[in-house]
Structure formats: structure tokens, C-alpha cells
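First up is the structure itself, then whatever we jot down about it.
Here the chain labels run A, B, C and D in written order, and each chain numbers its own residues starting at 1.
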């Protein structure tokens, strides 16, 4: 239950190399936007797979912060991605994440990825994160 | 673009052992309902994993029929499923499928599975099917 | 670290409906064999997807028992399967499982599935199980 | 059936930004090595998830070239990765790929990823590629 502002600040400090923007966050949700530059494209003028995978992974991470509070030590345990359409090499990529389950020790979510302004997703990912025990509320006294 | 009625008839003839019902179908969508009996449960009074996996797979297959016409020879190439919550052993399971992409040779979709009457999904699957060439419209003449 | 004999007995008592045999088990490994009957085949004379998925899931479960001791409450959290070749409808299916990681709260493994007597796999699965806390050794006293 | 030398040259020309080395290739196999620098690490001194995902994806791509010849337009359709252990931030990552099936229109493979010098994998991926028709042998004349 961290605010978008808190998450933006945390991500900026912890991952200074990241170039995506956090568009919005909410309970179990997050939307990220990745501007696309030369480093993200591959021959043929499309966005590289690793760029999409990294963005999907980051969207899950941000949605977890938004839902259970800043959790720096959450780590990805699994990511599965289907590449659906060739992303436009000259459009930013939007990642819309929704968590399907947030348990004490794991979170699972899905992410739809779009070329900005398009209706059909370019990719769809699901993933799970292991949540460290530290985030668990004390169970007694 | 087969009707629900056509699909129900095809499934009944081709898979006489299947016990799920087809609740509804539409363009890129299908909803199936699996009544739960003794054969589908596992110790502890919950629905078995293979029952959920089989239902998710069937929902993708039905949604493909609904979208491109009856395609008996479509075959699953990949299925990925996250088990999210313990399904109630005394409730039917609903599978709500949405295709994310329907191409000439492959279709990809996602399926959310629910214990009937519950809001939170018990499982979430994504999968891809290989579509046989026969369904492709002729490209010339 | 349960013996094959112990696992066979546990599976027989807990899952009386299962029809596969446990061929062998070892540290982080298990091999299962599913005889194929009418209930496992689908039109066209091949083994159904749910049969393969259920067998892969069971192989992971058995390998966990073999590695950390009988763990009835281990539950599948994720299963991903690629269908590679059409299994012969008249041959048993072998599932060869190898665990890739066994941690305190999760286990991850891979399973190669073969039509008996064939060299090339008919399917390949990876999956993860959540391990209940009960199996953890006491940390003090 | 391209040689390692041919593949190295193709990758250098087509993906000048890539920083991994191709250690070896063979029929249905490839081994890649990713030296790890600042750009690949994340806070805590470990290798980033996108680095591992990108390397797994590249290993599949290289193994396809090695098996069916240089196929520039092969594209990833699905990638699934399990993160197993924290990779050392000061060791190169090795990706050992083995193709499980090479068909006319798709290839499926698995990739084990290791911190150099370690026995247990840090991650395990499976993935599928769509192969363009151009690589298919002519069916007539």
C-alpha cells in the first residue's frame, strides 16, 4: 500500500538505470510506460524481446509495492511470456499489470503489453514473485 | 465463426467422454462449466490439478472453434497454468477464455478459472494452439 | 528421502484412482509410467493432453517425496508444458523428472515425457510446488 | 546447419549491441557466455532477470541457426523462465541450450543457465520460436 509517488522515488533510487515511467498504480494494479530508443530495438525496427520481458517483470514488481508496501527484496520466481504481434519500433510500450493473487509468501500476476495507441496487445506475460518474510505482519504481540 | 450450438454438437460427437458444459461462446471468447464429481476431486476435498488443466485446454479449443470455425485438428502446443487458490470440492468450476491473438497458424489465449459463485480465480492459464493449414482461406483464385 | 516403496504405498493410499506406476525414484529424480487405456486417448488415437499434464504433475510430486520425505500437502503452484510430438495411442507414457531446485518453501523441476520405446520426447514440462512449512526441520531444539 | 563461425559473424553483424560470446554450437545445441558488467547487475550484486531472459532467448536463436541454417527472421513466440538461485554478480553466466523439437514452422528448446564455475543452475528456461516459411525446403521442382 505504497503511493505511486513513494514507488517512483524508491525505483529511482534503487534502479537508477531503469528508463520506464510509472504511469499509475493501485490496489493490485500498475501501469508502466517504456519509451523506446535505439537500445530497445532490434533489426527490422521492432522492440526487442528482452525489453518487453524486463518491462513485464518491472510492472509486476511495482504492482506488488503498490499492494503490500515497498518490498525491495521481492524476487521473480517465474515469468512466462507470449509474444503476440510485432511491436512498432517507434512507439512507446505500455505494460498494464493486474495481480491475480497476493499471498503471504508469493504474488502472481498478469501483464498485457501494448504499443502505445494500439488496441491489440503485443505480448502477454504471467509471473510470480517470492515475497520475503520481512513484509509479513507480526502474527502475535 | 461457429455457433455455440454447432460447437456443442461437435464436442459431443468428438469427445463423448467430456463432462463439461459450454455455457457461451463468442468472437474470441468461450465460457465452460465443469460440474465436479468424485473423479475430479483429490484428497482434502478440492478439485484436482489435471481437471483444471483439462478444462482450461478445452476452453481454448472451444474459443478457437467459435472464432475461426470448427477446427478439429487444432492441437495444443503450450499450456502454462498458475494455481492460485484451493478450489472448493463441492462447487462447479467455470473457465472464462479470451483469445489474445488468432493468426493463420497459431492462436494464443488466456483462461481464468473460478469456483462457481466466487470472485477470485482459483487458477489462471495461458496457452497456444497450432492451427492446421486447412483452415486457412485460399490466398488466390 | 522416502524410499520408492514408501512412496508407492503413500500414493496408493492417498490417490487410489491413479493408474500410473512408479518405476524408480532417487535424490531429486523420479520416473513414472502411465499405461494408456481408452480413458487416456483422444480421437485420432493419441494420448490426451490432460493425461500428459497429470502425469508430469505426479512425477514432480513423487520426486519431491523422494527428496525431502513424504510431503502430502505439497501443492502445485505452476505447471508449464510444451507438446512436442503426437504420442502413440498404443504405447505407455514414461515421465522422467529431475528437480532443479529444492528450497525450504518451493521446489522446481522439469519432466520429459516419452512414448515408451521412443527416443524423442512427446512433451516437456517444468513446474513448481509450494512446500508446506511442516516439512521444514526445526530450527532450534 | 550453419557453423559456429558463420553464426558468430551473423550475430555480430545483425546484433552489434550484443555482448555475449558464442562458446560452441552443434546439432540442436548451443552454449553462450555472457560476461557480466555493471549494466547487467541489480542492487545486491546479482545479475538482473532481463539479462538472464535475454541470454536464454539468444541461446535458443543461436541453436536454431546451428540446426537449420541462419534464420534471421525466426521470432520468439513464447519464453518461460524459472529463477532458481541468485546468480553471482561477479561471474559470467553460461547458457546451455538444447532443442527438444525442430519442426517446419516451430522450434522448441530448453536452456539451463549457470554462474560460471558453479554446478547448480541459476535459472532454467523453455521457449518456442516461429520459423518463417523461407527456411522450408521447396516442395516442388
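Heads up, the rule we're going with is that a residue touches a chain if its C-beta (ideal position, glycine included) is under 8 Å from a C-beta of that chain, and two chains touch if they have at least 3 such contacts.
Note that the coordinates shown come from a computational prediction; the quantities given were computed from them, not determined experimentally.
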(message) On a CA-centroid basis, which chain has its centre farthest from chain B's?
(response) D
(message) Half is the threshold here, strictly exceeded: which of B-C, A-C or C-D has more than half of its contact pairs identical to A-D by residue number?
(response) B-C
(message) Quick check: how many Å separate the C-alpha centres of chain B and chain C?
(response) 23
(message) Measuring centre to centre with CA averages, how many angstrom lie between chain B and chain D?
(response) 32
(request) Round to the nearest whole Å and give the separation of the Cα centres of chain A and chain B. (result) 28
(request) Enumerate the residues of chain A that touch no fewer than two other chains. (result) 77-78, 80, 82, 128
(request) Within their complex, state which residues of chain D touch chain C. (result) 80, 82, 84-85, 100-101, 108, 110, 120-121, 124, 126, 128
(message) For the complex, give me every residue of chain B touching chain D.
(response) 77-78, 80, 105-106, 128, 130
(request) Mind listing the chain C positions that touch chain B in their complex? (result) 14-15, 17, 39, 42-43, 48-51, 53-54, 57, 72, 75-83, 86
